[in-house]
Amino acid sequence: MGVGIEVSNLNAWYGSNHSLQDINLNIPGNHATALIGPSGCGKSTFVRCLNRMHETNPIARVTGTVRIGDLDIYEDCTPVEIRRRVGMVFQRPNPFPTMSIYENVCAGLKLNGYSHVHALDEIVEKSLRDSALWDEVKDELKKKSGASLSGGQQQRLCIARALAVDPEVILMDEPASALDPVSTAKIEDLIFQLKSQYTIVIVTHNMQQAARVAEKTGFFLNGRMVEFDSTHKIFTNPSDKRTEDYITGRFG
Amino acid sequence: MGVKAGEHNLRSKVRTVIDGAATGLAVLATVLVVTPLVAIFVYLIYKGASSLSFSFFTQIPKPEGEPGGGMANAIVGSGVLLAISSAIGIPIGTGGGIYLAEYGRGTKLANMVRFTADVLNGIPSIVMGLAIYSLIVYRQQHFSAFSGGVALGIMMIPTVTRTTEEMLLMVPQAVREAALALGVPNWRSVISITVKTASPGIITGCMLAFARVAGETAPLIFTAFGNSNWSVNPNQAISALPLQIYIYAISPYDDLHRLAWAGALVLIVLIVAAVSLVRYVTSRGVLKGAS
Amino acid sequence: MNANVPEIHISQAQLQPEQEPPSGQRPAEESAIRRFLLSRGNSAIADRGFSWLMLLCALSIFGIVVLIAAELVQRSHLAWSNFGFDFFFSRFNNPITGRPNYWDPVNGHFSALPFIYGTLVSSFLALLLAVPLAIGVAVYLTEMCPQVLRGPLAFLTELLAAIPSVIYGLWAMFILVPLLREHVNPLLIRVLGWTGFFATDNPTGLGFLAAGVILAIMILPIISSLTREVMTAVPHSQREAVLALGATRWEMIRMGVLRNARIGIVGAIILGLGRALGETMAVTMVIGNAPEIRRSLLSNGSTMASVIANEFAEASSDLHLSALIEIALALFIVTIIVNALAQLLVWAVTRGAPARVN
C-alpha cells in the first residue's frame, strides 16, 4: 500500500540559490501525481527533497516539513532509512555496470545485508514481472550484465530494482525523457499499473504524459508551486493564468 | 613580376626544405632513442640467456670466486620484500585515493594530500632508504626485510593513490546516486559499487606501482642490505634481485658478472610482462560497463 | 478560464478521481522485506568509522613525509652544527699535498662541494643530450608519425621508463663505458681536447661523460612523454589556424603547437632534471666515485646520490654519517622544489588534467 506525502512550508537552498520557496501540498497515497513546469523551475529539486537525495550535495539546505505517512522524514529518521522506503528512478537509466540483471534487481536487498538467498529468486522474478521486463530477460538473468540492455529495458530494470525493496513511494524524475517512444509507452503503462500499489510522484516536462498517467498534477514555476489540482482540471480549466500560459505553450 | 615570382618560389623551396629537414631530424631522434632500448634488450638477452640455467633459479650464490651458484635466494627475497611492501603500500594508497575521490573531493585538505603524495613520489629512492635506515634500522640495530619492505611500500603509495583517485573519479555520479537512492549506506556504496566499478583500473595502478618498486635497489642498500644465504625471516637481512645484481656487477669476479646479467634478464622480463599487462588492460577499456 | 488544449487526451481513469484505488495483492513475503529493511538501522557508526579510516590513510601520507623530513633534519644536525653553510661551499686544502681535499673522513673535514658539482655537471650534461632528442621524439610521435606506428613506439618509450636503474647501470658498465673508452673518448680528446673539457688523465672510460650519457637515456622517456602530453593538450584550433595561413607542417608545429606548449615543455624538462638529480644506481656504477672537482668531463667524479650509496656502509664516525645525511637532506629539499616547479608549469598548460608520469 502506498502512503500519502504531506509537504509543509518546504524551502530549499543550494548555497545561496533559493531553489524552492514555500511549497505546500498533499500528495495522495496510491495515486500517481505528476509535477510539470519549465526547465529549472525546481521540480527535480523538490522530488529529491522527498527522499533527501538533495543532501548528497554538500551545499544543499532545507527547512520545512515533509511527512511520508506518519513519518517526518527530516526529524524522525536518517537519509539512509528514508531512502529504503522511498524508491527513485532517474532520468538516465543507471543500472550497476558490474552486476548482472539478477544482481541489479536484488542490489537494494543484498547491499543492505539481506541474506535469505533462497527467497531472492522469487523476489527478482516478481519485481521483473511487475516492471514488465521478465519475459524479455528471464533466460539470461545471471549471464547478461545490466548495462548490456537497451535503454528502455535498462529503465525498466531500474524500476524493478526500486520495486524489489518494497517501497511505499516511488519517485520518478523524468523517467522516459531519455527513451524512444515505444519504451516511453511501455513505461507509462507500467506506471498506470503500479500506482494502485504504490504512491508515485513523476516529474515530467511532457504534459501529455502527465495527462495520461496521473490523477493529480502540480505546476511548478521559479521554485514555487503555482497550482496543484486534479489533472483534469489543470489541463482543461486551470485557475492560475501562469498555468494556462504554460500548458498552452506560451513559454517553457 | 618575374622576379617576385622567382623570390616567392625560392622562399617556398626553402620552407619546404626546412620542413623536410625538421621531419628528418625528428625521425633521427626517434631512431636514436629506440636504438639504446633495443641494444639494451638484445644485449641482456644475449648475455643473460647464456648464464641462465636451472641452477640459477634453485641455488644460492657460491662463496666468492667459486664458479656456479645461482640467485634463487634473491628471487625469493624479492618476493618477500614485495609482499611486505604491498601489504603496506596498497591499503594506504587505496585508502588515500578513496578519500580524495569520495570524501574530500574539492577540499583544501584533499589538495594538500595530493600535493604531498606528489612530493613523496619525487623523493629520490636513496634518500628514502636513508630515512628508513634512520627510522627503523638504526633503532633496531640490525638490517631487516621488514625495513626494506617499509621503504618499498612507502614508495608504492603515491602511484596507487593517484591511480585510485583517477579511476574513482571516472565512475559516473549516476551510479553512486543509484546506490544511495536504494538506501545503501555510504560506506557500502563506496566499497561495493564505486570501488568495485573502478577495480580494474585500481588493480592496474597497483600493478604499476608493484613493477616500479620491484626494480628498486637504492632503498634496499641500507635496509634489507642483502644476504648470501636463504632467508625469509622479516627480521633478518634479506637478499633481493636488483640488489644482488648491483653487488655482483661491482664485484671483481667474472662469474658473478655473468650471474648479474642473468638476474638482469629475469628482472627485465618480469617488469616488461607487468607493464605490458597493464597496457593491455588499460587499452581494452578499463571501465567496461561504467560508461 | 477556458484553456485551449487540443492535444491533450485525458484517459478514462482520470475522470473519477474520487474512486478508491484497488488495494494491491501483497504476498506476506514482501512485508517481510519491508520489515527486514526497517530493522537495518542507519549505519551511522559504520559510515563515520569508514570515512575516518579513509581520512587516516590520507593523513598518513602527510605524516610519512613529515616523519622523513624530521628524521633527516634531526640526524644531520651534527654536521650542520659543525660546518654550517660552509658544508656546501667551502674548499679545504690538504695541508700536506696542498691539493684540494674536500671529503676527508679521516680528519673529519667534510665539504659537499664536489658532490654538488658532480650532480650539477652530470644532470646538465644529461639534459643537454636528452632534451633535443626527447622533443624530437615527442614531435615525431604526436605530429608526424603514421597512426600504425604510434602505439608501438609509444609503448617502447614507456618500456624505457620502466627499466630499473640497476639494469641501466649494468649495461652502462659493461657496454657503454668500454665503448666510450675505446672509441668515443679518444675522438673527443683529439677533436675537442683544446677546450679543456676532455683531458687524457683518465683512461677508464668512467666519469662525468659516462654518467651524463646514461642519465640522458634514463630521463629521456619522462621528458618525452610529458612533452607529448602538453603538445596534445594544445587545442586543434591552434593548429588549424596556422595551417590556414599556408604554413608547412613544421611551421605549424613550431608556431601552433610548440609555442603554445612551451611552458609545459619547460616543465617537462625540469621534471627530467628532478629525476636526474636523484638518480643513484646507474650513476654510481659509472661515474668513478672520486670526491674531486675536475674540469674534464672524462675524469672521475661523484654525485650527491652516489656518495651516499658508496660510503654509507663504511661510514666510520658519527660525523661522517651525519654529513652523509645532510647531503641526503639537501637532495630532498632540492628535488621537492624542482618537482613542485615542474608540476606547476605542466599544470598551467594542461589546466588541471592529471599529469601521468611513469
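Order as written gives the chain letters A, B and C; numbering starts at 1 within each chain.
In this section, a contact is a pair of C-beta atoms (placed from the backbone, for glycine too) under 8 Å apart; a residue touches a chain by one contact, two chains touch by 3 or more.
Treat the numbers as computed from the prediction; the structure is a model and nothing was measured.
Peer 1: What pattern do the touching chains form: line, ring, star, complete or other?
Peer 2: complete
Peer 1: So, comparing C-alpha centroids, which chain is the farthest one from chain B?
Peer 2: Centre of mass proxy via C-alpha means gives A as farthest from chain B.
Peer 1: Determine the centre-to-centre distance between chain A and chain B, using the mean Cα coordinates as centres, and give it in whole Å.
Peer 2: Those two chain centres are 48 Å apart.
Peer 1: Please compute the C-alpha centroid of chain B, do the same for chain C, then give the distance between them in whole Å.
Peer 2: Once rounded, the distance between the two centres reads 13 Å.
Peer 1: What are the residue numbers in chain C that touch two or more other chains?
Peer 2: Only 37, 42-43 qualify.
Peer 1: Send over the residues of chain A in touch with two or more other chains.
Peer 2: 80-81, 84-85, 112, 165
Peer 1: Mind pulling the chain B residues that touch 2 or more other chains?
Peer 2: 183, 185-186, 188
Peer 1: Looking at the complex, which residues from chain B come into contact with chain C?
Peer 2: Counting only chain B, the residues touching chain C are 15-16, 18-19, 22-23, 25-30, 32-34, 36-37, 39-40, 43-44, 47, 91-96, 98-100, 102-104, 109-110, 112-113, 115-128, 130-131, 133-135, 154, 157-158, 161-162, 166, 183, 185-188, 190, 208, 211-212, 214-218, 221-222, 242, 245-246, 249-250, 257, 260-261, 264, 267-268, 271-272, 275-276, 279.
Peer 1: In their complex, what parts of chain B are in touch with chain A?
Peer 2: Chain B reaches chain A through residues 172, 174-186, 188-189, 192-193, 196-197, 199, 287-290.
Peer 1: Sort out for me which residues of chain A touch chain B in the complex.
Peer 2: Spelled out, the residues of chain A in touch with chain B are 51, 53, 56, 80-85, 87-88, 90, 92, 94-98, 107-108, 111-112, 145-147, 158, 161-162, 165.
Peer 1: Give every residue of chain C touching chain B within the complex, in rising order.
Peer 2: Within the complex, chain C contacts chain B at residues 37, 42-43, 46-47, 49-51, 53-62, 64-65, 67-68, 71-72, 75, 132-137, 139-141, 144-145, 153, 155-160, 162-171, 173-175, 217, 220, 224, 248-251, 253, 274, 277-281, 285, 305, 308-309, 312-313, 324-325, 328, 331-332, 335-336, 338-340, 343, 354, 358.
Peer 1: Where on chain C is chain A touching in the complex?
Peer 2: Touching chain A: residues 1-5, 7-11, 13-15, 17, 21-24, 26, 29-31, 33-34, 36-38, 40, 42-44 of chain C.
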